[in-house]
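There are structures below to look over.
First subunit A sits with subunit B, and in the next complex the same chain sits with subunit C.
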Partner chain A sequence: MAKKGARTTEMADYEVHVPLQAVLLADSFAQKFRPITLERPKMLLPLVNVPMIDYTLEWLASAGVEECFVFCCAHANQITSHLNKSPWMSQPDFTVSIIESHDCVSAGDALRVIEQRGVVRGDFVLVSGDTVSNMSLTEVLKEHQERRKKDKLAVMTMVVKKSKPSPLTYQTRLGNDELLLMIDPQSKQLLHYDAVREPGSRDSLQGNSIQRHVSLDRSIFHDRPVVQLSNNLQDCHIDICSPEVLLLFTDNFDYQQLRRDFVKGLLSDEIMGNKIFTYEISNEYAARVDNLRAYDVVSQDIIHRWTYPMVPDILCAGPKASMRLERCNVYKEGGVILARTAMIGENTVLGEDTTVGDNSSIQQSVIGRGCTIGKNVVIEGCHIWDDVRIEDYVQLRYSVVCDGATVKKGAILEPGVVLSFRVVIGSEFRVPAYSKISMVPQPTEEDSSDEELEYADVASGRADSPRSPFTEDQSTRNGSISGDEDDTAEGPNWDPIEVGETGAGYRWAVRDGGQEEEWRHSVAPIPPEKIQEIVAANREHDVEEVDYDIRALGGQDSLEEEEDEDEEEEDDFEKEVAETFLRAARGVSGVQQEHVVIEVNSLKLAFNKTFADCAGAMFKAIIDLALEAPHPTAKELLSITKDVFSRWGSLLCKFLKGSDDEHEVLLTFEEICIESHKEFAPLFSQVLHMLYDIEVVSEDAIIAWASEKQYADESDKVFLKQSEKFIQWLKEAPEEEDEDEEDDT
Partner chain B sequence: MVGTTSGYEAAVDQFVTKMRRRQVVGSQSSAKLTAELLRLVVSHQRLPSSGQAAALIEAVKAVGVRIIAANPIELALGNIVRRVLHIIREEDVSLASDSILDSTLDSDDEDEFGNVARRSALSAVSVAAATRNTLRAPSLYNLLESVPGTAATQVARVPSATESEARSRSGDRNLMSRKLKHNVIEAITELLQEIDNCHSQVAEQALEHIHQNEVILTLGRSVTLREFLKEAKKKRSFQVVIAEGAPRYQGHMLARELADVDLQTTVITDSAVFAMISRVNMVIVGAHAVMANGGVVAPVGLHMVALAARRHAVPFVVLAGVHKLCPQYPHNPDTLLNDLKSPSEIIDFGEFSDCLDGSPGGSRTHVVNPSFDYVPPELVSLFITDTGGHNPSYVYRLVAEYYSPEDYVL
Partner chain C sequence: MNFQVVVLAGGLSKTMYPLVSKDVPKALLPVGNRPLLSYVLELVEASNIKDIIVVVSGDDAALCVGNWVTEAFHDRLRVEVSGVSEDLDTAEALRAVSHLLTADDFLVVSGDLVCDVPVGAVAAAHRRQGALVTALLWPHPSTPNSETASGDKTKQPTTFDIIGLNSTHQQLLYVSTGMQSARDFQVRSSLLRAVGQMEIRTDLVDAHLYAFNRLLVQGVLESRPGQKSIKHDLVPYLVRSQLGLGVSSTIVGSPLEDRVENVNHLLDAEAFGKNRLQVAHSGLKCSTYIASKDRYCSRVNSLQAYLDVNRDLAGPEAIHLTGYTVSTQNNVIHETSEMGWKSTVGPYCMLGDGSTLGERCSIKRSVVGRHCRIGSNVKIINSVVMNYVTVEDGSLIQNSIICSNVILQERSMLKDCQVGPGYVVGPRMEIKGEALAKKEKL
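Coming up: the complex of A and B.
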């Protein structure tokens, strides 16, 4: 709550020219690229030999962004030094400023820090540093701003792109889960945002538990003749935001992730009425490198020039060693030496000063700068970074090999392997599929705060890092690495079962059943066996497949839904009241009657209830309390009830502001007798009498109740009959007029 | 670079970024911007007291290499850089020979000839003549002009400069440097005007080529062509068949523009060119670049059109401003680059996204979107440039007229 006070920015004035600003989050707050990201931040990983962040900055600069704020968290000093070395800091029309923070664990925290700095003055582009795009921002900005002029609540415009998800695996090309978006086709307003596959479900057998039902709010269909529900849109993670977005993050300090918390929160929140809109791009490219599969797919898209002009031969253009494009998408940088018999297949990139030996074949791969590839090597679908040494007769398929790694003679890497920095694979060793090998040992115990984090910089060994014990451990380890880097043969720490006889590195174990999920996000294509398995699993599901009809959903179904919701709310309220009451009744220290009154009053406001509701709920709670004590016979129950009411009746009276409320109490009592606690049924009239005696229920209320019941069906009259005598007595006792009235009716 | 002032560095950087991001479209505007940039470079360049031309050439070359690397596909950039270098060389030579001529005129009446001085002057003149010869195209006229006899008479008339002369000349040096700069800037400004006027210059010749009731076929859109047709329309009535020019479909735009001037147009698909060609009197197209051998780098699809025209013996005419004329030959893989654009111009990413990544082992759908075709010189009937019509076999001669051979390779 204190954060609210820190609000410093004011509403930007839209009349004056505000430079177009962008917020670039240079931390993914995820662990999908581990173990690589333990040593280098994800944004600096090379994507087709160019660091990812450079794609994003290049795009922002060419799209006309004037000020860019780069937010760094994990490995902040590496990103800072990269930017300082790059030409980005000295561009005439494009200023890059770095915002560092070390205690952020999520995008939400990052945005709150940015809000505190008060640097954002107007609408801004919010992207992550791993975005590759060539879209023009002019159109989407214009749309966003025009909408803002008409409707101040249109706080965000989200860029989407058509991309068909796989019908089998329910994931997109980029390895993300298939998204279900509901959009108003006229206003382009986003109405629903959800992943089709239940995220986080660890259905280990199927690997895909599909959410087969969609619940939609009925209000969506109000004054909308058409809504469009689509699963073939890909979220590009490019958002045009108004400054209010930052305020919303500050106000809702529990928002962590942009999509899961913020977007869903906004969509379900009807009180503030903030709206999100979508903008679909068709001819332009935009994608976020979220996982290793996306890394591979986006690399290939770049090689296939979908991202033009963000393609290798243009990005790496320079007077000295420029990248040249040859037939069949083969890109060669200067200084490449190929043996005469080397075969370079389609869609391959060869970095500067790389040599390839005799009879080696390379296909669909990206080879970095300064690599040495021996003879008779087979490389297919791999991403090999800089200064990698691959010896003779090695076979690599669909793997990622980071800087400085060595694969010794005759070793084989099965699909999906990740070799982190400086790892050595021993000769004739076979690395099993989906292994992850790093020189950094896998952190043995992950405390919960690590869950969403890349580790902070290894080299710095920063003391303020929350994970300092681990970092220290790591830096000592690093020392030993640099020691035996040259003679890797003598590495007492390395397990030959993990990396081979002369290898170096730790194999990371797969955690909590992740094995089954591994194939989803790996660089390797999905193996055919897996696909067959899924097909089989889906066929089972198809038997119970339901044909969804959106209109039906919009009509009847959602009506019921809403009622359900009301009921649920009622339950919640009653539960809360009962708990409050019980706290007092059980004598929890310090809780007194007045407290209960205050608390129930606040609940009444929170749930938007009347006094009658409160009285009803309280009455129920009292009855429940009475029932708690053992009551073998009806007589004992009555006496207990009497006791309880004599103690707590006065509390109940606090909520009885008129005969209507008392009436409600009676109805509740009747309900209890019929539905929940039948043991009260025979005691109805006695309890009624008692309530009258202790002045919980007045005469008027009882008579009103009785007269209402007069016309009910026979079944409802049970209690009326039971207490007929009492009512008769009531009517007769005080005045004669009642009798007259009775006669009249 | 020694002596570079930061005055133009920022401008060059900006230009390079712009070119690299492909934010300048069209060879005319690229050429114009390059010429303007080089004019800025020349005017900001501080020159040493001796070897000014060399320093200037060095500076322009350094900038030229950078801007060519920024966008090697736009050949007009290199053309303009080489044109400017040629201008500097030419101005230098003409300035040198002028000063010698001046000194000869001045010292005509003096009679005391120092032998050494005479020899130096003699050599200066012969050097000037030699450079002139290298600058000029090796034409028959040039050969005749520099017949030894005439040169000898010239030399005989040239007396040497005295020592005092030499001193005064060194005093003039400062003035000379300013003069060189001034002349070069003036020449670049002329070049700019030439680039500006190239469309109208080409269009002026329209009436000589298009006759009444002819049918003209073209592909895609080119500004030069549009002006050419508009100019012809003023006097003649004729028809134009426009192949749309997939995948950019600029032919549609051309059709609309020509409709505005009441020209009758027929739009066809690119694949229907062969079917239409038999009814056509002439094919007129624009070009991206003209190579030294007369080959043409032209929008994709034109090779096919040229072959169809050859099959039916229809003249294939290419319109090109002189700034599109390249001194390089197409055999060099460094120069003949194709611009492979994004496949999204051809197919819809969303619709094809599921077959873009192949299943394991299988290959995925590849989409290639080249921008240019190379049309060999034997398929071209005529070039119409701002200096008139030329045969493809004459292009090398034009090249020699506009560029110095030392600049072919920067």
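Coming up: the complex of A and C.
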């Protein structure tokens, strides 16, 4: 990269020979598919009866990628053995190499490992193993490379697709959160990337914490007159990267996630000036199976053949049996036995050797291979994997049932249930909505507050049960799953409340804060009451917004806003000073006067204030302290005030650097008397006198104040009149008398 | 077309000091040797709209403008000149003449607009989209980039508008009349959710030509007395109101007239805030008409703009607006003017009727009005000289505006000056960058 200029063409010639490479991350570094992913990696989960990773590899191979590096971490051996068995390892123009690492906790770590291996030689496609797409890479690669020739800083091109989030739930149909992108419409450069509700952050879990306003920096207009702001684009998580991307990950060892850290980091870093561009696809399909809702939606898209040629009848064309597409998107593999009275609704897939009993009805569902479905069963919107046994009179709605699970006679699964591998649901048992049941007990320490730690959880989960990987081998069925605290190895002492009589499995508790979110990412459709809730919340929100508008309309918007801001700052500053002072006044562990002085001085710098401001704030704080004590009569208040000032007056004096500051104190006091604490109003002249006595305010300051007030409105002169005598005396009294007076008090 | 036009002609504008005077309000300032207001009136006339209300602030000024209009547009247009109090802002002035409006839609045009964008097209776009308001936007000639680089920005720091449009460029979604370019700006996320995509542009300038829906605007003006300016209050308010989240099925789908009636009815209701959401869903929206780049459009709203527009009108960009025939030397010299020996008038200049030039004069990139008497060896560069001005021998005028009846005595030198009407510049004075005006007798 160092040599450029005259040799560019030569270089270009040379670069042509670099094969197109892809990095496929076969670990999502997330736990949205738990508990299923404790036993099998997400990339091997069947999506319409085909492991997800096969969709991705198929697409990469068909899109002209020549070398693919599969990075595995969790359950690496399962992925390796899957790939070794699959035809991918023996393709003529498509080599798949596996990179294994066991200490990665994030995509960032994975990319750092790949960088170390030094296998990536040119531009590469970075995808995750759960991507389903049929887009052609030719165009986007061409754009990326042409841009790179002109601008070496264009390190990445992101693929986006239009998909508007629902105005109610602010999530896309794939269950992702609303995404705010700012793009330069001419160059397609990405200027801003913001997932409005960040999946990791705690406070985002409350439904109503949605951002009202999008704040944007005006400086973006320095370089371009037009930007495009959109929230109807969906990130396909397909990136064309230059080799620099890997270097950037190595340089910034704290980058963990691709989007939250890397993309945002790059966009906010103005020094390096690296740029990210976008490429919008419209007629092609690209989606990432990020959560269970996306799993359901993508499944249906595949069945509806949006992903052609990634459709069941082509992908499942094995040597043994081939899948047939019938009317209404019903797919049947060989060996399917249907009872005559069984009803198969539209958009359904039936795997090899599956039998369906009398009067059962199946709709909008995917049934795996070797399943046995009894009589009078109702299955709607479910994903049932291989070798599942469903007995008579069972009702399943919008659930995921993993390999080897059994649902006994008459049981009912409510929407959103996930049954992991080999779980048994007892007969006549009703599984509540959104339950997750697994043979593996829930890991005890759930510090899942941070997504970065998730992999660590997975790892520890693995450590708990060292015999995993569970294979489909039936011998491990009900095998010795040694939970740590639960002695469950013996078998059938499962809690009947969780899985019913004769059931088997642990019901996972919903993680804290997760309950609210369960419905967002579940395969079940959003329940109507949730929608109503959101609508109600939005109403409120609207009303507030109207208020906001009306407020903003009150004349000169801008000016008022600014004033507000100033005032707010003022309040903050005064509050801080008051708190600092009170800490000292209440004698909180060793806070001394000097400390207060230091702290207030630092506040002064932090808020960019003057000594006069400090003095005013300090004065207010002292007055507040005086008011804290009970003061039934004005006289008592005066004496309390005197006490307080005799103690803290000297502190106040530290901020009085000149008569201007003293003047400010007087004005503050006046303000207090008029506005906040009217009980001081009658005492004005006495307190003034006292302030003079303890040398907080000087003669000059008082006289300056008086002369300034001379020309004020009558209403403003109340206090001037009250202290007229005192001022008169000040003006006339010779120095010595001053001294006398001081002695008196 | 059932349209009325309200022309906000201003009065004795402070920004145009010292050019305006009691006898010559802003609307009658000569631009390209024609009164400023004539450009707007002819623009409207060209679109075959004949009902015009000219709003002038100040009764004296209104009288002047009224006299001129009756003289110039007699038998051509139905013009009503209406004087309003002097300290009213644009929306307030509109409120003052609101009772004169009867047509379904009306246009509001700033009286200082000089442009050749067909008003009829704006009105038609407004009707076609059934809009609340249609604003005329035109692409800024220079990109903001070069603007920041040159000193242009210091001259007009406040005209940095941010305008949000939908993807087809027909709907106006967001208006922020930028105060400080450094500050962040905020976009309501509900707006973004409703539209999905918004293009935010800084290269468009609001030309102060709007088409409004009468009933709605009358309602808003009535119920919201706090609205002062059309650009800063009324239009942003309508833009904000067009998209709410509440749905009112009763209003959607009914014919436009009913909807407007409903809207108006809602506006009268006490709980205005809540009903506003319903207004939003009445299907009325704020739209835009973006002028194509080759159109000329400019406003005479500052002294600099006055000089610029004069120069543009004499030059190739906008000479067609004046209706003069251009000579082979690319300038307009009236046949009754006289030029002395070896005097030259360069290209892109105007010389009004009856003006005389002495010997060895040179006029470059300037507009000289009617009946000016210019002595010998006078140089006028990049300036505007109005009518009945006397310039004595050897004077030099550069980048200045000289108002009517001014006398420049011999060998006076003016650079970057504005000289008010009737002022006398003494001999051999050298003045730079000053505004000179006769002291008004109180």
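Assume the second predicted complex is superposed on the first by the 470 of 745 C-alpha atoms of A that agree within 3 Å, B and C clash if a C-alpha of one lies under 4 Å from a C-alpha of the other, contacts with A are read in each partner's own complex, and residues count from 1 in each chain.
Assume contacts are C-beta pairs under 8 Å (C-beta built on N, C-alpha and C of every residue); 3 or more make two chains touch, one makes a residue touch a chain.
The shown structure was predicted, so the numbers you read here are calculated from the model rather than taken from an experiment.
Just subunit B (first), just subunit C (second), both, or neither: which does A:314 touch?
first
Determine, under the contact definition given at the top, whether A:232 touches first (subunit B), second (subunit C), both, or neither.
Both partners.
For A:219 in the superposed arrangement: first (subunit B), second (subunit C), both or neither?
It touches subunit C, and subunit B stays clear.
According to the stated criteria, A:705 is in contact with first (subunit B), second (subunit C), both, or neither; which is it?
In the superposition, A:705 contacts neither subunit B nor subunit C.
Please work out whether A:164 is in contact with subunit B alone, subunit C alone, both, or neither, and reply first, second, both or neither.
So A:164 meets both subunit B and subunit C here.
Examine A:180 and indicate which partner it touches, taking first as subunit B and second as subunit C; both and neither are also allowed.
Once the two structures are laid over each other on A, A:180 reaches subunit C alone.
Give one of first, second, both or neither to describe whether A:285 is in contact with subunit B, with subunit C, with both, or with none.
first
For subunit A, give the residues common to its interface with subunit B and its interface with subunit C.
On subunit A, the overlap between the subunit B and subunit C contacts is residues 164, 232.
Which stretch or stretches of subunit A touch subunit B in the complex?
Interface residues on the subunit A side: 58, 62, 91-92, 134, 161-164, 166, 173, 232, 282-285, 297, 300-301, 304-309, 314, 317-319, 322, 325, 329, 346, 524-528.
In their shared complex, at which residues does subunit B touch subunit A?
It is residues 10, 13-14, 17, 20-23, 65-66, 69-72, 337, 340-345, 348-351, 353-354, 356-360, 363-364, 366-367, 369 of subunit B that touch subunit A.
Which positions of subunit C touch subunit A when the two form their complex?
Residues of subunit C touching subunit A: 140, 143-145, 148, 162, 164, 178-179, 181-190, 192-194, 196-203, 224, 226-228, 232-233, 237, 240-241, 244-246, 273-274, 276-277.
For the complex, which residues does subunit A have touching subunit C?
Residue list for subunit A touching subunit C: 164-165, 167, 170, 178, 180, 185, 196, 210-219, 221-233, 538-539, 541-543, 545-547, 549-550, 553-558.
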